[in-house]
Amino acid sequence: MNNLKQLVEAFIFAADGPLSLDRLCALLEQPRGLVRPVVEELMQEYQLSARGFRLFEIAGGYQFRTLPDFAPYLRRMAKERSVKFSQAALETLAIIAYRQPVTRAEIEYLRGVDSGGIVKSLLERNLLRILGKKDVPGRPLLYGTSRQFLEFFGLRDLNDLPTLKEFAALDPELAEAEPLAPEGT
Amino acid sequence: MNNLKQLVEAFIFAADGPLSLDRLCALLEQPRGLVRPVVEELMQEYQLSARGFRLFEIAGGYQFRTLPDFAPYLRRMAKERSVKFSQAALETLAIIAYRQPVTRAEIEYLRGVDSGGIVKSLLERNLLRILGKKDVPGRPLLYGTSRQFLEFFGLRDLNDLPTLKEFAALDPELAEAEPLAPEGT
Amino acid sequence: MPIQILLENFSGPLDLLLHLIKTNEMDIYDIRIMEITEQYLSIIEQMKQLDLDVAGEFLLMAATLMHIKSRMLLPSSEEIEEEEGEDPRAELVRRLLEYQRYKEAARLFENMPQLQRDYFTGLVRAADYLELEDAADEEITVGIYQLAEAFHQVLSNRPKEVFHEVVRESLSVAQYIRRLSARLAERKRMAFHECFSPEASRIELVVTFLAMLELVKMRMINIEQMKEFSEIWLTLVVAPEQLDQLSAVEDALGYE
């Protein structure tokens, strides 16, 4: 029966939200009378041992969660999770990388939406730098990518950015796509 | 110090991927010398106790995962069926994993067939990454495996790849091109 | 003996060859090339008779095999041995061995525990209950590929009116007419593709093309092609001095 406990633990752990007793029984193909005591035993075990997380009963189901005491620390980690990008940030970064030097207006023209906030956050993440001002009325700022950008993507220099043609060549359907090379360096 | 172990456990549990020792130390604001033994103790504990999941060392970090033994049951719960690789995709992935950095032309020479579509789909699944361009005419892209590749196969690093049966290469040139210990991660 | 083989069961010609070597219990270092070539060709022939597509790679290998066979048939005088040095089969053997190795690796990969098939891990669990501001915004792990792909997307979703707008703003067709006719006056005859600079943006290409059409319409140039798909030639059909009249018509073009 030890095996059943391990299995219950594995199911609750791997579920992507609180797992109800009914669902658990269905998955295990075991009656409630057999499964419920196992879950309760598990909850007790976690309660008694000094672990970093516990088994909680939440929203009609069971779920492992870290102890509330640790929340301030864990939030620190959550904030740092920013090595990932939203689709919008990625698009903006891509436009700047391939089209630099580029103004905010040009980015917005290509994306079709306001991009000020995203440019600002990319600047804050040191992925962009300001290359100067464009010689047109209003003298808007010109953006380009930074050294950190190259480091982040593991590029030696901007010439290392793949041209779209190289990807198009992988896929016969895309072969007719525009062969746009990064402009300038 | 028991508190530190709990916190380490909570961090690893709550992280959205394998958590490296360096990152863990930075989050805890503690030196490696203090954190490493704690992680090792935790790993040992999970190894010895019959739990539903364990602490694994994967892709240069630590992560809780269920035991492969339970997979047949847990698959019942998985929402998306894991995508099965085709023979062609596995061959391509193997060539890239063992020979990286490698160009598309090299892959195709080894396989004897066009592999563009497969490379593209592996790139889309994040299992590959572009390592740069090769210093030969045409500057073709160089492919290698990604961190997600390690995560996917539960490998600590590329040295964890199974060793391939050696064969007596007929061509000294090819034998030289054999450094099977892949570079970097 | 008819061999029932479907090419699609093989990931490529090397895979098929390995299969033949194995079923014939041959030593990979000493392939009986006549036998193998014969069997290989008969399989390809069968496929063709069944009206099945045979991928080019399989045909290429057939050619390679026949080439090796012919070299094996050459009298093996010692001089040739010394000159050529290598066994004609050597490169093929090397490729087969190397391929066999990765085929084996592919099998190992298949059996290695895989995430979401053998290993499971709760995904992004902290976001569930730590009340993260951006938990809802789906984030993606990126590499250069994703970056390039994003740019590709932007370009393909680009607003349609882009041409008109930019044409009006910065590249006037009139200007390109002048440029093109000046070059023609100098050279008398130009190939179609020479009119487009390889660095030109898509917009420039479009404007150059429009300029070309305008010149044809004004009967300033002639366009000819010898046969289908061959090079198209542009010839100036007026005296160079007459090009001066161009500026007069410019305003009437309506491009501004």
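Letters A, B and C name the chains as they come in the text, with residue numbers starting at 1 for each one.
The rule is simple: contacts are C-beta pairs under 8 Å (C-beta built on N, C-alpha and C of every residue); 3 or more make two chains touch, one makes a residue touch a chain.
All figures in this text were calculated on a predicted structure; none of them were measured in a lab.
*Asks:* Determine, using the mean of C-alpha atoms as each chain's centre, which chain is farthest from subunit B.
*Replies:* Checked the centroid distances; the maximum from subunit B is C.
*Asks:* If you tally contacting C-beta pairs, which comes out ahead, B-C or A-C? Let me know.
*Replies:* Counting C-beta pairs in contact for A-C and B-C gives the edge to B-C.
*Asks:* What is the distance, in whole Å, between the centres of subunit A and subunit B, each centre taken as the mean of its C-alpha atoms?
*Replies:* Inter-chain centre distance comes to 18 Å.
*Asks:* For subunit B and subunit C, let me know how many angstrom lie between their CA-based centres, rounded off.
*Replies:* Each chain's C-alpha centroid was found; their separation is 30 Å.
*Asks:* By residue number and range, which residues of subunit C touch two or more other chains?
*Replies:* 120-121, 123, 125-127, 130, 141, 143-145
*Asks:* Could you check subunit A for residues that touch two or more other chains and list them?
*Replies:* Expected reply: 10, 13-16, 64, 66, 74, 77-78, 81, 154-155, 162, 167.
*Asks:* Can you list the residues on subunit C that touch subunit A in the complex?
*Replies:* 120-123, 125-130, 132, 134, 137-159, 202
*Asks:* For subunit B, which residues count as touching subunit A in their complex?
*Replies:* Contacts found on subunit B: 2, 5-16, 27-28, 50-53, 64, 66-67, 70, 73-74, 76-77, 79, 104, 116-117, 119-120, 123, 129-133, 140-141.
*Asks:* Which of the residues in subunit C come into contact with subunit B in the complex?
*Replies:* Residues 11-15, 55, 57, 61, 90-91, 93-95, 97-110, 112-121, 123-127, 130, 141, 143-145 of subunit C touch subunit B in their complex.
*Asks:* Quick check: in the complex, which residue numbers of subunit B touch subunit C?
*Replies:* Listed in rising order, the residues are 13-16, 53, 56, 63-66, 68, 70-71, 74-75, 78, 80, 82, 85, 87-88, 90-91, 93-95, 97-98, 109-114, 123-124, 126, 128-130, 146, 148, 151-154, 162, 164-165, 167, 169-171, 174.
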